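Per-chain numbering from 1; labels A, B, C and D assigned in written order.
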Amino acid sequence: MKQKKYIFTYTDQVRDYECDLQGIVNNANYQHYLEHTRHKFLEKNQLSFSELHKRGVDCVVARISIDYKNSLRPGDVYISCLNVEKEGIKYVFLQDIYKPNEENGTQQGVLCIRSRIETVALINGRLGTTKELDALAEETDSLKEN
Amino acid sequence: MKQKKYIFTYTDQVRDYECDLQGIVNNANYQHYLEHTRHKFLEKNQLSFSELHKRGVDCVVARISIDYKNSLRPGDVYISCLNVEKEGIKYVFLQDIYKPNEENGTQQGVLCIRSRIETVALINGRLGTTKELDALAEETDSLKEN
Amino acid sequence: MKQKKYIFTYTDQVRDYECDLQGIVNNANYQHYLEHTRHKFLEKNQLSFSELHKRGVDCVVARISIDYKNSLRPGDVYISCLNVEKEGIKYVFLQDIYKPNEENGTQQGVLCIRSRIETVALINGRLGTTKELDALAEETDSLKEN
Amino acid sequence: MKQKKYIFTYTDQVRDYECDLQGIVNNANYQHYLEHTRHKFLEKNQLSFSELHKRGVDCVVARISIDYKNSLRPGDVYISCLNVEKEGIKYVFLQDIYKPNEENGTQQGVLCIRSRIETVALINGRLGTTKELDALAEETDSLKEN
């Protein structure tokens, strides 16, 4: 399988309490995975969601769409992958979650979630953009050129 | 404000633990509200999510899209509204969440969430439809004719 | 069954997503029920957890003990009952959760949770007491005298 | 600081959504950390909570007590530590959560949570013990002898 390129990946494991009575991860919890991945991505870039909040910059989700392709189950390892693009004043996160390939354990195997998260930055309560967030979006662009 | 028609509405109140450090309901928790509303809707129609599961019928979400319009805050009351339509083998739930109108407290006021939840029924693990779910989808159709 | 007296009761229903793969309410979620009940109790007394927080008063849990007697299941209605006592600078909440009596639906039936929640008030970061919280604790005392 | 001995430790990091409007990890979420640590401990011993459930063995929590010593905040790393002892038919987990020591990052620093979780095993719905769980409890005993 051809590996899709992402500017950030985060690997973690399903916790049992995230599963519901169907024995699979509850749909809402994937949003937690996606949010946590974005925050880990910010962290890697020396930005913190809670620090931004204290400085008056709140990144809020305006629109989310998620395709549920395959379910994660108790104990499953997952690879959460992220790209981000700028569209007008929006920062659009393209986030996919995979089970790892069984053969090598590190690469993208079965696709579980394909999502698009449109966020906007509120700076002291008003819509705006910031240079530090713009810089992050440029990384994905440069990925395409290669 | 003109009131939109729905076949089912459910009123509840934000719980403080559903809010995150931004002081607003965490995005993922709206999915919990939407899921719970669907299950209350099934319940009203003498169907139960967990009973269906035991009978081998699992309703799973295939795709979700949510527009986040306005945030709910600690203590806010919300009105969660639902319609459902059949599209091929999909049962599509159109679910909106409002704050009540401040003047009368019971009608739709500020729109918080507009969502579209595409679900499919797995009957003993295979895609299918059931008469009882079809019947529910017809209610929304009859709403349009009026 | 003799009914135990409480100064506050709150009735609600299990949401399916609160249940885990064992098909019963996940243990951690009872703490959500207990917290929400305390906040509803504050609300009834014209106090709000988030308003208190803004005024520099944070009620924090110092110690919790919970006896898990019987499990709640999907769709179950529960009655969450509360008393509060003052012990030194602690506000101790005695909180029990019951399934309603099947015969009349409103009274305490099967005991599910028996808990003791020791809280302290941080006033601008320092341990303290407030008259408004003291007043709430006196209600339970007066209950005993009757 | 003298390091306390445990038979199992698990290190993870606070996720922002686990924090509430007070800006600290919500009390109920520590139960999630504790539960997940127990399940990781089982996993390390080739036992799985969900597999045990399928074989008719349900480990259920009978009683929990948690001392909340210090709060975890967004982004904090924590070390979740576990011992387990057998008391009659109970398996008692002694679980503590620390922030790591700032100097070396791996050892126990500030104590956040001290807890005692009493569990019982239901084997096909009846209280019982199993050899595999008994074996786990013996590990902690041997720790004491050293």
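Keep this in mind: a residue touches a chain if its C-beta (ideal position, glycine included) is under 8 Å from a C-beta of that chain, and two chains touch if they have at least 3 such contacts.
Small disclaimer: the values here were computed from a predicted structure and weren't measured.
K.L.:
Comparing the two chain pairs, does A-D have more C-beta contacts than B-D, or is it the other way round?
P.N.:
Result: the pair with more contacts is A-D.
K.L.:
If I average the CA coordinates per chain, which chain comes out farthest from chain A?
P.N.:
C
K.L.:
Centroid from C-alpha atoms only, then distance chain C to chain D, rounded to Å. What do you get?
P.N.:
Averaging C-alpha atoms per chain gives centres 25 Å apart.
K.L.:
Return the distance between the CA-based centres of chain B and chain D, expressed in whole Å.
P.N.:
36
K.L.:
Taking each chain's centre as the mean of its CA atoms, how far is chain A from chain D in angstrom?
P.N.:
One centre to the other, that is 29 Å.
K.L.:
Where does chain A touch two or more other chains at once, residue-wise?
P.N.:
16-17, 19, 21, 23, 26, 28, 32, 35, 50, 74
K.L.:
List the residues on chain C that touch chain D in their complex, please.
P.N.:
Those in contact with chain D are residues 21-22, 26-29, 31-32, 35, 50, 53, 58, 60-68, 71.
K.L.:
So in the complex, the part of chain A that touches chain C is made up of which residues?
P.N.:
For this pair, the touching residues of chain A are 16-17, 19-21, 23, 26, 28, 74.
K.L.:
Looking at the complex, which residues from chain C come into contact with chain B?
P.N.:
Residue list for chain C touching chain B: 15-17, 19, 23, 32, 35-36, 39, 43, 48-50, 73-75.
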